[in-house]
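First, the structure itself, so that you have it in front of you.
In order of appearance the chains are A, B, C, D, E, F, G, H, I and J, and numbering begins at 1 in each one.
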Amino acid sequence: MSIPEITQKLLAAKQGKGLSFADLEKILKRDEVWIAAVIYRQASASEEEAKLLIEALGLDASYIQELTAYPVKGLGPVVPTDPLIYRFYEIMQVYGFPLKDVIQEKFGDGIMSAIDFTLDVEKEEDPKGDRVKIIMSGKFLPYKKW
Amino acid sequence: MSIPEITQKLLAAKQGKGLSFADLEKILKRDEVWIAAVIYRQASASEEEAKLLIEALGLDASYIQELTAYPVKGLGPVVPTDPLIYRFYEIMQVYGFPLKDVIQEKFGDGIMSAIDFTLDVEKEEDPKGDRVKIIMSGKFLPYKKW
Amino acid sequence: MSIPEITQKLLAAKQGKGLSFADLEKILKRDEVWIAAVIYRQASASEEEAKLLIEALGLDASYIQELTAYPVKGLGPVVPTDPLIYRFYEIMQVYGFPLKDVIQEKFGDGIMSAIDFTLDVEKEEDPKGDRVKIIMSGKFLPYKKW
Amino acid sequence: MSIPEITQKLLAAKQGKGLSFADLEKILKRDEVWIAAVIYRQASASEEEAKLLIEALGLDASYIQELTAYPVKGLGPVVPTDPLIYRFYEIMQVYGFPLKDVIQEKFGDGIMSAIDFTLDVEKEEDPKGDRVKIIMSGKFLPYKKW
Amino acid sequence: MSIPEITQKLLAAKQGKGLSFADLEKILKRDEVWIAAVIYRQASASEEEAKLLIEALGLDASYIQELTAYPVKGLGPVVPTDPLIYRFYEIMQVYGFPLKDVIQEKFGDGIMSAIDFTLDVEKEEDPKGDRVKIIMSGKFLPYKKW
Amino acid sequence: MSIPEITQKLLAAKQGKGLSFADLEKILKRDEVWIAAVIYRQASASEEEAKLLIEALGLDASYIQELTAYPVKGLGPVVPTDPLIYRFYEIMQVYGFPLKDVIQEKFGDGIMSAIDFTLDVEKEEDPKGDRVKIIMSGKFLPYKKW
Amino acid sequence: MSIPEITQKLLAAKQGKGLSFADLEKILKRDEVWIAAVIYRQASASEEEAKLLIEALGLDASYIQELTAYPVKGLGPVVPTDPLIYRFYEIMQVYGFPLKDVIQEKFGDGIMSAIDFTLDVEKEEDPKGDRVKIIMSGKFLPYKKW
Amino acid sequence: MSIPEITQKLLAAKQGKGLSFADLEKILKRDEVWIAAVIYRQASASEEEAKLLIEALGLDASYIQELTAYPVKGLGPVVPTDPLIYRFYEIMQVYGFPLKDVIQEKFGDGIMSAIDFTLDVEKEEDPKGDRVKIIMSGKFLPYKKW
Amino acid sequence: MSIPEITQKLLAAKQGKGLSFADLEKILKRDEVWIAAVIYRQASASEEEAKLLIEALGLDASYIQELTAYPVKGLGPVVPTDPLIYRFYEIMQVYGFPLKDVIQEKFGDGIMSAIDFTLDVEKEEDPKGDRVKIIMSGKFLPYKKW
Amino acid sequence: MSIPEITQKLLAAKQGKGLSFADLEKILKRDEVWIAAVIYRQASASEEEAKLLIEALGLDASYIQELTAYPVKGLGPVVPTDPLIYRFYEIMQVYGFPLKDVIQEKFGDGIMSAIDFTLDVEKEEDPKGDRVKIIMSGKFLPYKKW
């Protein structure tokens, strides 16, 4: 797992400018997770989105071409070692089969799309300790028969 | 990956009774995903919950002891092969690092708990195709310094 | 990799009846590859399809329930050892990146669905040696931005 | 998985010239997938093909020697992480055994060649969403007895 | 790696009859290595060959159907542990690239077929210690361009 | 798998000189496969052999020391991805156990040495398509009892 | 496994200054293991802690930003090869299940947190050979039901 | 990972008798973790210890021989999937190198023995949530020079 | 890793008779390690050796045939989990390259045979703790040039 | 597996000086295998030993600090590919369990230390071919009960 060089530069510029992902969300009118995915070269921006991002970060236009390219996706080892990311892997080890059964009982034989898909993060304040709320929404795709 | 024998028996009884997980949710007053996790032996029921489940499925009390035991958790190969479950693995390959950055920017250095954690599935009706909505909520745990 | 027991029984019955997959295609009005996928428990049949299949194979109705269930999918080792199946793995090792670039140039950033998907096999007669023709057709799914 | 340096240079030149793979197909009189395979150093061009390609991309002749060499083939991790490429891996996990049975029923004990082999991509327009059509054609090779 | 049950039975019968593979070669008019491959369920016999084999081993006709089926091929762990088999793996680790270069220099870009292929074992007597001679012969398959 | 730098330089010089491995065989009076193994740093040359090789390739004497060193051997991933090399891996997956039985029936409990070992490649002309002939010869080593 | 460059620089500076981790413990008022974790970029320091560390090591302030960042955690191969670190892996192979049962019998179904967690090392002098004492303390997290 | 059959029987008997590991500690005068290790067949009991254990669990003497045998040790997959056990693996991923440095700074080049080793679990009551305390003590073994 | 059934029976008989491997060494006039290797089905006995072993263990003659067969060798996971066996794996991780250099400096380019090979275990009494002494002796095999 | 840079420099200097490991053994009064382990950064020298080594090799004192550091140990892939080193891996695959049983029968439940451990290589002259003799001596460590 090696973070792409362009990612490192964009993140450094973002830190230098003191901008949060939430700030970028307001500038690009796109969700902060999606913007982070563009920065990690997991999603492709339109020319306009790339320009807005580059300007916000104070970088020159030479980055635009790479940010609009369709990236080779997937970042990280087979089993993630970072504890924050591992927990999501563990959730699937523990709740993957239950989830499959519940989804398929509600929808039929098929899957939740990871392409026609959105992912949001919210902070739930809680006196016993704040909670991370993750909302995923993916189109249900039924298996085609032929 | 082999589905535990008790799971197979409980699922067969559930199908024989024509009960959905949503039906069991009403009987046990627990979320359907959690109930499915108990059936897959990834979560432990209280004696009372186990009784309610066993009665609903028309099985004898001999299953109660196993359902209340603390299971060895984790089911499935290192990289899941079932397409529905794989998509969640893919989501972490693609959005794992962006997610880490957004969560830690909002909360600091730490993780979302996968233990003090809930997971819900909802069906979003949509004329362009229904959507699967997954809501995860986990307590944020900041790294302790010592 | 272990072939499911029900698959072995259905294949034995099919051989006993002297039926080809092409024969089953005529009986079920479904493509032979899809029928083979049902038999290998990688696809789920409707009740009616399951009945037609069971009757054609001369088996009793007790198999219907399993054939209509939504299977846990994926069969085979990480790298396939069977030479026929391995060749498709090799094709992706050799032509995977070229294919990605050509598809994305034609369609944009996204994927070919493996769910809204069909797969046909045809025999091309050729004096220099017959050829296997594989036709895959999958809906293009563009990456959603949010 | 690291994209060869020469590939990166050729792709950058292609983008700079605003040429699509389909454009190159017209210039080289070779299929665009095969040309992409040459660029990814998975196939070897003849001297003439290499010249045509190099001229079209506006590069100097020093690349010709490498493009005509017989490459060490295979690019990508054991299980692909890029979603577009992974789907083909998944297709073989799900439909590999059904495919094997159907092919061998039609042809006998043997394989589809991945060497005497062609691979085409077509765009099928469809009001419900365009479809990716992949056509593979490989010579059937029966197992020799001796 | 588990030796198929039918293999174990055939080998036990062979040992019981005191027959060597060389003896079977004379009876079936097929090479002993190929016959061993049939017994290990890596090659498929014709009905006549299966009958000859079964009769020689004194077994009943019920084995014929399985011996004529087209097997799922590949037996053994990813890296073989048996020293005799490992040595061939090691030969490819050490001489694989040199071999590739020499073959491709003589034949062009392509491979030696492992399907249109024969494999013989001979004993070379030598006062300094007998030698194992392995002769492989496979059709050269040039890469097709399209 | 990364080809050693010295190998890349020697191969480039060989191509520049327009020399085949067969040409080098005549110069060094060693088999072309063995010479290729020296170039890939899998075998060690004597000082005289290294000199002959270096002179033939028109390189300076500084390479001699490395070519006479005893290399760390083994080149390539656990399962080879290059189709030419993979076929030999597949041959062992399919014919490994049959081969073991035939060899041990002829020789007793032991192995074919991969050290006291030679490997030759020949081109068999054939109107139905030329064939690659591989001849391996290794000393049989019986297991010692003690 | 590659030690981060910043880690190598900090450790070199520490050695140059002749400072032990115990010395740093006194300066930062943090446990030496935690400080070592900061140096290995497995834990994030506050600005003040980073300054104290940097001053103690005689380095310039440019390191502060990186030391306060939230690192991507996890360092080392899947199965550690260093004998000191491997022993802890072995302890879990041997005592992992016993430990799970004893902890869960005392606390219920849940885990020991690795986030709300401290780790201390002490030297126990012993005439038969000094002993390493490791004290871990992690908050017990009970599985949430929902 | 499969729990040995004898372990399953002993744990069932223990549950049937309503005995905790702490109860067994009092009976055998051995630490509860070590007793659990004997039950999981990771440690070997003396004849007397085995007798005390068997009597406490109300089982017959036939188990004694197996409990005194020297077991093949190591239980669990390469990367543990059970969240409780995984956390210890994660601790080594995160704190392994820091721990190595701190231990070797205190003791010199060597390791903490996992053989001359004890492991205790304690419950620390805490108003903010009880804590699991793990105390490991292993003899320091310095590397021998020769 | 599963211990062969015949091994379990022979070891049980050996324990029942109260015989040590050293006792068997006296009866068979073969080294105890080699005898253990026969029992674990890693080495093949002559008919006479098998008879002596069977008689000593009080078993019937039906085991002789299997003990004289040439076994499929190799027992254990890729990385051993048993601490005693792992230590030898670790020794090669730590001292493998040094050993290679020292052996090849003394003998030239080649290997120590693991086939023409003996392995002895001795107990060295030592007041500071007894020592295990392992003596391996393998024929040096120089690489053949051809 | 990459040989450390310092190792490459020390080995080149050693070759330049024409010194064998046996020569270094006389200079350092340490065994040649241990000295090779220092050079491969698997063992740590004292300041004095490092000085003697550096002087013998004609290098400057800047290497001393690194040679006295406590290295991160373990060099090589999970399954070694170099034939000389692989043979030791194979010996453990074949003789590992027999060895375990023989050692534990002589010593009880425990292991041979790989830390309080020495390893010697001797050349046994033999008219049938010289033999490599390896002598390992490790302290026996009995499992502690607690």
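Miscellaneous remarks
Quick note on the criterion: contacts are C-beta pairs under 8 Å (C-beta built on N, C-alpha and C of every residue); 3 or more make two chains touch, one makes a residue touch a chain.
Labels paired with UniProt names: A, B, C, D, E, F, G, H, I, J = Cyanate hydratase.
Please read all numbers here as calculations on a predicted model, not as lab measurements.
Relative to the C-alpha centre of chain D, the farthest chain centre belongs to H. The distance from the centre of chain F to the centre of chain I, each centre being the mean of the chain's C-alpha atoms, comes to 32 Å. Inter-chain spacing, taken between the CA centroids of chain C and chain J, is 54 Å.
Chain F has its Cα centroid 30 Å from the Cα centroid of chain D. The set of chain D residues touching two or more other chains comprises 3, 34, 72-75, 78-83, 90, 93-94, 97, 100, 104, 110-111, 113-117, 119, 141.
Chain pairs that touch, as defined above: A-B, A-C, A-D, A-G, A-H, B-C, B-D, B-G, B-H, C-D, C-E, C-F, D-E, D-F, E-F, E-I, E-J, F-I, F-J, G-H, G-I, G-J, H-I, H-J, I-J. Within the complex, the chain B residues that touch chain D are 79, 81, 83, 86, 90, 93-94. Considering their complex, residues 3, 11, 20-22, 32-34, 36-37, 39-40, 42, 73-76, 78-80, 82-85, 87-107, 110-114, 116-117, 119, 121, 123-124, 126, 128-141 of chain A touch chain B. In the complex of the two chains, the chain J residues touching chain F come out as 1, 3, 15, 79-83.
The touching residues of chain E, counted against chain C in their complex, run 65, 72-75, 78, 114-115. Chain F contributes residues 30-31, 34, 43-44, 70, 72, 97, 100, 104, 108-111, 113, 115-120, 141-146 to its touches with chain I in the complex.
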